[in-house]
Structure formats: C-alpha cells, structure tokens
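Each in structure tokens, the structures are laid out below.
One chain, chain A, links the two complexes that follow: it is found with chain B in the first and with chain C in the second.
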Partner chain A sequence: MASLTIDNVKKRYGQTEILKGINISIEAGEFLILVGPSGCGKSTLMNSIAGLEDVSEGRILIGDNDVTYASPKDRDIAMVFQSYALYPNMTVAENISFGLEMRKVPKEERDAEVQRVADMLQIGHLLKRKPAQLSGGQRQRVAMGRALARRPKMYLFDEPLSNLDAKLRVEMRTEIKKLHQKLGTTIVYVTHDQIEAMTLADRIAVMKDGEVQQLGTPQEIYDNPTNLFVAGFMGSPAMNFVPAKVVEQNGTYALELQASKPTVVPFPKPDSLKAYAGKEILLGLRPEMITEPQPHKEGAEFVVTADIDVEVTEPMGADTMVLTRISEAEVNCRCNPAYPVKANETVAMMFDTSKAVAFDKDSGQRIDN
Partner chain B sequence: MNNNAAKAGSGATQAGRPARLSLADWMPKIVMAPTAVAAIVCIYGYMIWTAVLSFTNSRMLPSYNFVGFDQYERLFMNDRWLVALSNLGVFGGLFILICLFLGVMLAIFLDQKIRAEGAIRTIYLYPMAISFIVTGTAWKWLLNPTNGIEKMMIELGFEDFRFNWLSDPDMVVYCLVIAAVWQASGFVMALFLAGLRGVDSEMIKAAQLDGAGIITTYRRIILPSLKPVFFSALVILSHIAIKSFDLVAALTNGGPGYSSDLPANFMYAHAFTRSQIGLGAASAMVMLGCVLAILVPYLYSELRGERHE
Partner chain C sequence: MSNVAKRQTSTLDKALRIALYIALLAMAAVYLAPFLVMLLTSLKDVEEIRSGTLLSLPGSLNFDAWSKAWSGACTGSQCEGMAPYFFNSFQIVIPAVAISTLLGALNGYVISHWKFKGSDVFFAALLVGCFIPFQVILLPMARTLGWLGIANTTTGLVMVHVIYGVAFTTLFFRNFYQSIPAELVKAARLDGAGFFTIFYRIILPVSTPIIVVTVIWQFTQIWNDFLFGVAFSGFDTQPVTVALNNLVNTSFGGKEYNVDMAAAIIAALPTLVVYILAGKYFVRGLTAGAVKG
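For the complex of A and B:
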C-alpha cells in the first residue's frame, strides 16, 4: 500500500504533447479512477505510472520514493490490461506465478500463492487450462489473479471490463469493489464508462485532451462540475444545459428561461451572476431536478412550477423520461411514471434549482464557484 | 451466403435475359477448365505414371514390364543414392536449423524499432527474389579457391588462408548449406517479423511488469506464442531442401564426383541422362514420400485448426 503523487507530468511524442502537465495525488489505499473520452491520454498516463513509458517532464512518486526513472519491475506495481494480455503458451497457474518466478520466489511459496489467489477469485478449477480454453470473464479473472499474486504496492487497471458483456461487467464491477474493500490497496483504474467511475471511485480524475479537468470525489464531480465538459460527461442522461438570461428581480439576480411561457427561476448563488446581468449564460440542471409537481416541495426556496411542451416520453420503468425544449435547447426531465404526460401536450413541471449550476456560454467554465 | 446471393441474382436475370445468363453461368467453368485439366493431367496424372514406372524395368523408354519392388531394392543398394540421401540429411538439417536460427535472430533485431528498418528488411529479403540458379552461380564464384574469397584474403596479406570446401568431397555439401542459407534466411526473418508484429503489445508490457528481462520475455513468452510460425517455416524450409535441384546444378553440378548430389539430382541424372527411367522413378517416389510425410501432418493440423475456430 502506498500513496501516489503525479507531479506536473508531461509526455510528448515528437512534437505532439499527449499529457500536458498532470497533477494528481492520492492517499494510500484510495481508489482513483481516470475517466475521459478515447484518446485523451488515460493509457499513456497509466503506462507512465507503471514505467512502461518514459515521461518527458515531471515526477512520479510512489509513497515517498521518486520512481520517475525506475524500471517497471522495481516499482512494485501490477497492471491488468484491457486485452487481459495473458501468456497464451502458459497454463493459468503458470500465468499467475510467472511474476513470482521472475522474482525468484521458491516453488512451494509460488504454489501456495497461486492457490490463495485462485480461491479468492474462484478460479481453482481452471488452473491447468490454457488461456485459449477460457471464456472472456474467466480470462478477466485470471488477469486479476496474476496482478494479485505478487501483492504489489499498487494496482493499475486499464479498462479491464470493456471487453465483457454488459451483465458480466456489472458483476465484475461489484467484485472489484469488494476486492478493494478487502485488500485496501491503492488502485488506479481507467475507464471511459462514467457509471463505472461513479460506482467504484473514491476519487475521480476527469481527463480531456491530456489535461485533468477536475479531480474530486464522485459526488463532488456530480454536484459541482468545474466546466461544461465534466458536467456533460458524468451522469446519464447527461445534465441539461439551458440558455438563460440573467435578470435583476427584487434586488437579486435570477434566470429567465423560455419554457412554454417565459419563466423566471431563482439561483442558489445569485451574486455570482452579477457580472452577467442582462446577458445569457448556460444553466446546468440535472434531469432529476425537473419533475412532476411534488406537494411536499411546494413553496420551498428554489422550487418553481412551470408549464412545458412535451415532445417525447420515454418510459423506463422506474421513471419516465420526458423530453422537452426550453430556450431552444433539448431538455430531459425525470418524472414519476404515474404522472400523466403525453407527447405534444403541455404539462406542469416542478423545477428545483437548489443544485443548479451556471456556466459561461463562451468559455464553458463555471461562474458560480 | 455469398453463393446464395449470387444464385438469387442470377435467378432474377434468368427470367429476363436467358441467353446471356447461361453464358455468364458457364464462363467461370470455361475459364477454369484448361487450368483444371492441366493440373489434373500434368501434376496428378504424371505423378501416377511415375508411380507406375517405378515398378517397371523401364530404361531409356518407358516399358510396362512389371518387376515389383526391384527398382527400389536397386535404389537402396546404389552407393550414389545413399550419398545423395546422406547429403540431404546433412544439408536439410543444417539448412533448416541455421535458417531458423538466423531468421529468428534477424527478426528479433529488426523488431527493436530500429531506424531504416524498411531498407534493411528489403536487403535481407532480397535473395529470396533470386532464383537458386543465380545464387548457385554467384556462390560458385565466391567459393572458388582460385578466384573467390580465398584469393581475396591472400591478396589482403593472409598468405596461409585456405578456403577450398568447393573442391573437397567431404566439405562440398557445406557449400550448398551456405548458399541456401544466404538465400532463405531472409524469408524466414520476414515470416517471424510478421509474427512478432502480431504479438499483443500489452502482453509484452505485462511481462515487463512481471519482472522479465528482454531475453526471458522472448524466450519464455514471445517465441513460444509463435509456435505456428515455427511450424510453417519448418514445412516450407524442409520442402525447399527436399526439392533442391537447381542449387546443386549451378553451384557444384554434383561434384567433385557425385559427392554433392541431392536426391533430385540423382533422379534427374538417372531418369533423363543415364537411361534408368525405372530407377529414377523409384527415387522420385521416395522423394514424394518424404514431402508427404511433412505436408500431411501439417495440412491435417491446419485444417483441424480451422474447424476449431
């Protein structure tokens, strides 16, 4: 177990800068998730942590050791790859024990370790098979077993579940979470799946174009995104971005939207809107904050009821998603299925802006922080 | 599926334009027919004919006096045939081993992301584009004691340098090995380089993290995963070795004496220049047997592998 500090790490391939100064630091035992669209440099950062790629600038510390120039095998890190990267000519048991063999662990200890790992991951019956004779899920387990066997200081997972089908992915996700709770080891985990990120992480680093956009707990990222990209990336369906005009009302600032009729909604931090008085901003409102009118919220501070024109309804069982158009932007609302909503009708909806956020229209940055 | 689509398509045209359809239908068969006939007659027909002749006492012209296995008995009493066979053993064994070794090594070196890889790859692969006749002739000059490498070394001041394998009946077979290795190892390199390029890069990273050095990684992980490439290279090289005729013809012409004969040269000499068609046919059948002994297991495992997928 060890903490990890990534200090202003840059990586260039020729002229192109792939990592543009990454700063992340996590405590020992934390579960860090790197999330971001394909090609944003997640794997490059992982490979740099593992020592498989040299960094062009910056430092990497594991615990108190500067490992920036240490070779991969001296960093005491294990990695699980997207392709599983099992050795095809070796049996499962040999795959798991290869790292121990390279570290000159005696045969009996290796066998005991293989047995321990196999029991933990329930792959004891597969030990004599070759990787080609395993299913995708079984290969995934073996790849994890290989990482577990060495009891390293830190685990790196590079999109370990993205080759599994949806059901297996959810199962393995839970298992990885249990494993982390049991072992308490530091984990860095790459995914482009924001649900995986939300459910597993102690902390999430949202990346884009080789830069960390935001580092925070899942709830911080969800409630307090620092810019439009983070806000739009996390959450499904995504946060609604509604163009709204900042208006002065009763000595404070509020936002005017164009729902079925012009509607003014209050904003939790009105003073931050001062600089934008009379201009348009983007109001960020999660779908679950636009619901059918709920009597118990009636009259609360940041709650407004207004009519909307329904375009489409999508029943999902637990909720019904209602698609409408506010100030020309498509907006998702999350309703109770019992609320009678039909396409092309006008219905009343309750807007709860207590957790609403505001973004600059041009720069995409938060303006109410 | 493709077939069905084609059938459905031609069915549709049948109603409209029957005359053109039948031509279109027959065309592939007509085009393929001469090739098919030629293949059946010239390859399998003559193969069977050779098999038949090997059981006759044919000499200058084919005859149909069947004598059972007499020709095979004569063949294995024939000293020249035994020399050819043992040459094949030495030549084939060394040729295959050295080619595999050099090819693997070259491929591994080229795989280290070196500069000018394309140019180097072409240089190594180029000999494969030359016929064995050219290779043989070129090496005949190079290995010639009076005006080849030996002369060059002597002119460079190494007065005692001797390299006269070409005229030494005990060593001449190694000259064949040198020339054949020069020609074929680049090809083996290309096979292995393609294999190495197909290796999952994440697997190599995993090995690095597991603490395996570069030599261990190749020895324990990468090369074992290239087993199918080894197998293909082995089959291709062994059938080159068994078929080798032109190299001997150009480089040594079987000499000195018949000390560098290979079975194919024996067969040619007896069937076509020494009026021993029966004996030549018998030797050809033995060579065919050798090739089949290598090819059949290979094809078997290939086809089984396909069904497995």
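For the complex of A and C:
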C-alpha cells in the first residue's frame, strides 16, 4: 500500500499535448477513479503511472519514491487490462505465478501464493486450464488474480469491466469493491462508465481534454460540480440545464423559468447571482429534484410547485421519468409511478432548488461557488 | 410434396457435386501431367524413350536412371551424380532458413511491439527489400563477399540468402505480431519480464503458425534458388539446382532424358515433402492473422 502523487504531469506527442499538467494526490488505500470521455487522456495517464509511457514533464511519486523515470517492473504496480491480456500459452496457474517467477520467488512460495489467490477469487478449479477455455467473467477473475499474486503497492485497473455483459459487470463491480474493502489497497481505476465511478470510488477525477476538471468524492462531484461538463457527465439521466433569467424580488435574487407559465424559483445562494441581474444563466437541477407534489415538503424554503407540459413519460418501475420542456430546454423529472401523468397533459410538479447550482452560460463555470 | 422436393434438390446436389469433382480432377490432371511424364520417363531406358510416346508406360520398372542420377551422372567434369550437391543444398538451406526466420521473428517483434522513433520508416525500407530483383544485387554482393573473404563459400551463400530473406520473414512476422494485443506485452513488462524473456516466453510460443509459413516459404525459396547459387557458389559448394543444370547440359553422345528427369525429381523432392508434411499449416498460418484479431 502506498499513496500516489501526480505532480504537474504533462505528456506531449510532437505538438499535441495529451496531458496538460495533471495534479492528483491520493492517500494510501484510497480508490481513485479516472473518468472521462474517450480521448480525454485517462488511459495515457494510467500508462504513465504504470511506466509504460514516459511523461514529458512533471513527477510521479508512489509513497515517497519518485518513480517518474523508473521502469515498469521497478514500480511495484500490478495492472488489470481491459482485454485481460492473459498469456495464451500458459495455464491459469502459470499466468498467476509468472510475475512471481520473474521476481525469482521460489517454486513452493509461488504455488502457495497461487493457491491463496485462487481461493480468494474462487478460481481453484480453473488453475489447469488455458485462457482460451475460460468465459469472459472467468478471464476477468484470472486477470485480477495475476495482479493480486504479487501483492504490489498499488493496483491499476484499465476499464476492466467494459468487455463483460451488463449483468456480469454489475456482479464484478461489487466484487471489486468487496476486494478493495478486504485488502485496503491503493487502486487507480480508469473507466468511462459514470455509474462505476460513483459506486466504486473514494475519489473521482473527472478528466476532459487532458485536464482534470474536478477531483473529489463521488458525492462532492454529484452535488457540487465545478462546471457544466462535470455536471453533465455524472448522473444518469444527466442533470437538467435550464436557461433562467436572474430577477430581483423582495430585495434578493431569484430565477425566472418558462414552464407551462412563467415561474420564479428561489436560489440557495442568491447573492452569487448579483452580477448576473437581468441576464440569463443556466440553472442545474437534478431530475430527482423535480417531482410530483409531496405534502411533507409543502411550504419548505426552496420548494415551488408549478405546472409543466408533459411531452413523454418513461416508466422505469421504481420511478417514472417525465420529459418536459422548460425555457426551451428538455428537462427530465423523476416521479413516483403512482402519480398520474400522461403525455400531452399539463400537471403540477414540485421544484426543489435547495441543491440547485448555477452556471455561466458562456464559460460553463459554476457561478455560486 | 416436401419429400419429393427434397429428393429433387438432393439429386441436383449430387449432380453438382459430381460435376465439381470432375472439374477438380481435370485441374489436378493438368497440374500433375508434367510430373507424371517426368516420372514415367525416368523409369524408361533410353531405347524406350526414343521409340515410345511421352505418355507410354515403361516396359519394366527400371531404376537405373535414378541410381545414375543420384551417384553416377556427370555434372561438368565431375561424375558423382546429384548426391554431393544435394547435401550442399541442405548445408546452405538449413542455416539460412533458421537464421532468417529467427531474425525475421525478432525484427517483427520489435517493429510491432517495441516501436522506436523511425520504426515505421525502418519497416517501409525493409518492405522495399521485397521488391529488389535478384539480378540487381549480384555485382554489389559479389564485391561484398570478396571483401569479407567468404566468396565461393557456403557461409557466403547462407549470408546472401539470409540478407535477401530477412525482408520477407520480417514482413510475415510483423503482420502476425500486429494481431497480438499490445496489452500482452505491457502486462509482461509489469510482471517484470524483459525484452528477450517476453519474446521467448510469451511471443514465440504463440508463433507456431507463422513460423511454419516462414520456414516453408524460405525453404522453398532458398532450395529452388538458382541465380545466387550459380553466381556465388564455389566449385564444390554448388547447390542442387546448379548441379541439375550442369547435369542436363553435360552430354557425352546421346541425351539421357531418363537420367535428367530422375535428377530433376530428386532436386524437387525436398520442397515437395515439406509441402506435403506442412501444407495444411501453411494455409492455416496464412489466414490465422486475418481471421482472429
């Protein structure tokens, strides 16, 4: 176990800068997730941590050791790859013990370690098989076993679940989380799946265009996104962005929306809107904050009930998603399925803005921070 | 109704199948005819050849021509048959195939998994090597061999074949290794394996199909080579192809077609054997990279 410090790391290929000064530092035992769309540099960053790619500038520290120029094998890192990268000519047991063999661990210790890992991952019955004879989920386990066998200081997971089918992916996700809780090891995990990021991480680094947009706990990222990109990336369905006009009302500032009729909603930090008085901003409101009227919230400070014009309803069992249009923007609302909503009708909805956030329309940056 | 329809299609199927076999047999006959003529001629004696037609069967099985071709026929002023040259060829082919295959595997491994600055240019340059005609390099190569002091030796011929073959073997291995995921090499590096360990433990064990292809290709190319053999071999290091030419062109009195034919079959036999033994791997290996990524 070791902490990880990435200090102003840059990576250039010729003129193009892939990583534009990355700063991340995590404690020993933390589960860090790098998340972002394809081409954001997350895999490059991962490879740089592993030592498979050189960095152009900056430092990488594992624990207190500067490993910026160390070769991969000297970093004491194990990696699980998206394609599993199992050695096709070796049995499962040989795959798991290969790293130990390379480090000249005696045969008996290797066998004991293979047994320990196999028991932990319940792959004991597969040890004599070749990778080609395994299913996707089994290969995934073996790949993890290979990483576990060396007991490295840190684990890197490069989109390990994206080749599995949906059901297996959820199972393995839970299993990885359990494993982390049991072993308490430092893990860096790359994914483009924001649900994986939310469920697994101690901390998430949201990346875009070679820059870290935000580094924080999953809840921080969910509740307090620093900009439109982060807000839109995390959460499913995504946060609603509603153009709203800042209006002065009773000596404070509020936001005017165009629902079925013009509606004014309060904002938790009205003073931050002062500079935008009379102008339009983007109001960020999660779907679960627009619901059917709930009696117990009636009259609360940041709750307003207004009519909306329903466009489409999508029953999902636990909730019904209601699609409407507010101030020309498409908006998702999350309703109780018992609430009678039909397409092309006008119904009352409760807007809870206590957790609403505001973004500058042009720069996309948070206003109310 | 459906039964009848089924029976009709099956008769049609059968007819088509028979037609297919006839067509295939006809093609096979066209390809095998020259070999058959060679074989028949080699079993006749000179008198029979003169009186009979090309395809007439020999009166009796007569292997005299074979034993003469193997150990008694004259190639120029020597009259030791094909045997010594047959072994000369093996002495050239075996090291040349082994070295060029190994070098090709290493080159392919580097070009596809240890890319360096300019590795693509290097590969392109190697590709050009595949298009250089034999004749072009004759003179410069002769100078080089003389300068290295290995002109007219087996070593020299082996070197020429290795140099000329590396372009092809590299191309084969590079294309095959391109289909091996880079993550495999990365995983091995993280596991602590070095350049040669990865090559020996991870890459080579999965290379059997392409090794078979390369060995067959190189074996056939080098065994059948005449030009390099005639240009760079010494008096006693001539390969079998050159000896065959000498044998056919050396005549005292009447032409012994039966001996010529036997000698030609002897010269072609090793490549034939290689194809029969490893032919199915050849096709498999050629398509392996294409089908599975």
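As a working rule, the second predicted complex is superposed on the first by the 369 of 369 C-alpha atoms of A that agree within 3 Å, B and C clash if a C-alpha of one lies under 4 Å from a C-alpha of the other, contacts with A are read in each partner's own complex, and residues count from 1 in each chain.
One rule holds for everything that comes next: a residue touches a chain if its C-beta (ideal position, glycine included) is under 8 Å from a C-beta of that chain, and two chains touch if they have at least 3 such contacts.
All values derive from a computational prediction rather than experimental measurement.
Clashing of chain B with chain C is the outcome of superposition onto chain A. Residue contacts after overlaying the shared chain place A:A78 against chain B and chain C alike. Within the superposed three-chain model, A:L52 lies in touch with chain B and with chain C [touch as defined at top].
In the superposed model, A:F302 lies in contact with neither chain B nor chain C.
When both complexes are overlaid on chain A, the residue A:Y339 reaches neither chain B nor chain C.
Note on the superposed arrangement: chain C collides with the chain B stretch 56-64, while the other options among 2-10, 20-28 or 56-64 stay free of clashes. Common to the chain B and chain C contact sets on chain A are residues 47, 50, 52, 72-73, 77-79, 81-83, 85, 87-89, 98-99, 102-103, 146, 150.
Within the complex formed with chain A, the residues of chain B that make contact are 200, 202-203, 205-212, 216, 220-221, 224-225, 227.
Every residue of chain A that touches chain C in the complex is listed here, in rising order: 47, 50, 52, 71-73, 77-79, 81-83, 85, 87-89, 98-99, 102-103, 146, 150.
The touching residues of chain C, counted against chain A in their complex, run 181, 183-184, 186-193, 197, 201-202, 205-206.
Contact residues of chain A toward chain B in the complex are 47, 50, 52, 72-73, 77-79, 81-83, 85-90, 98-99, 102-103, 146, 150.
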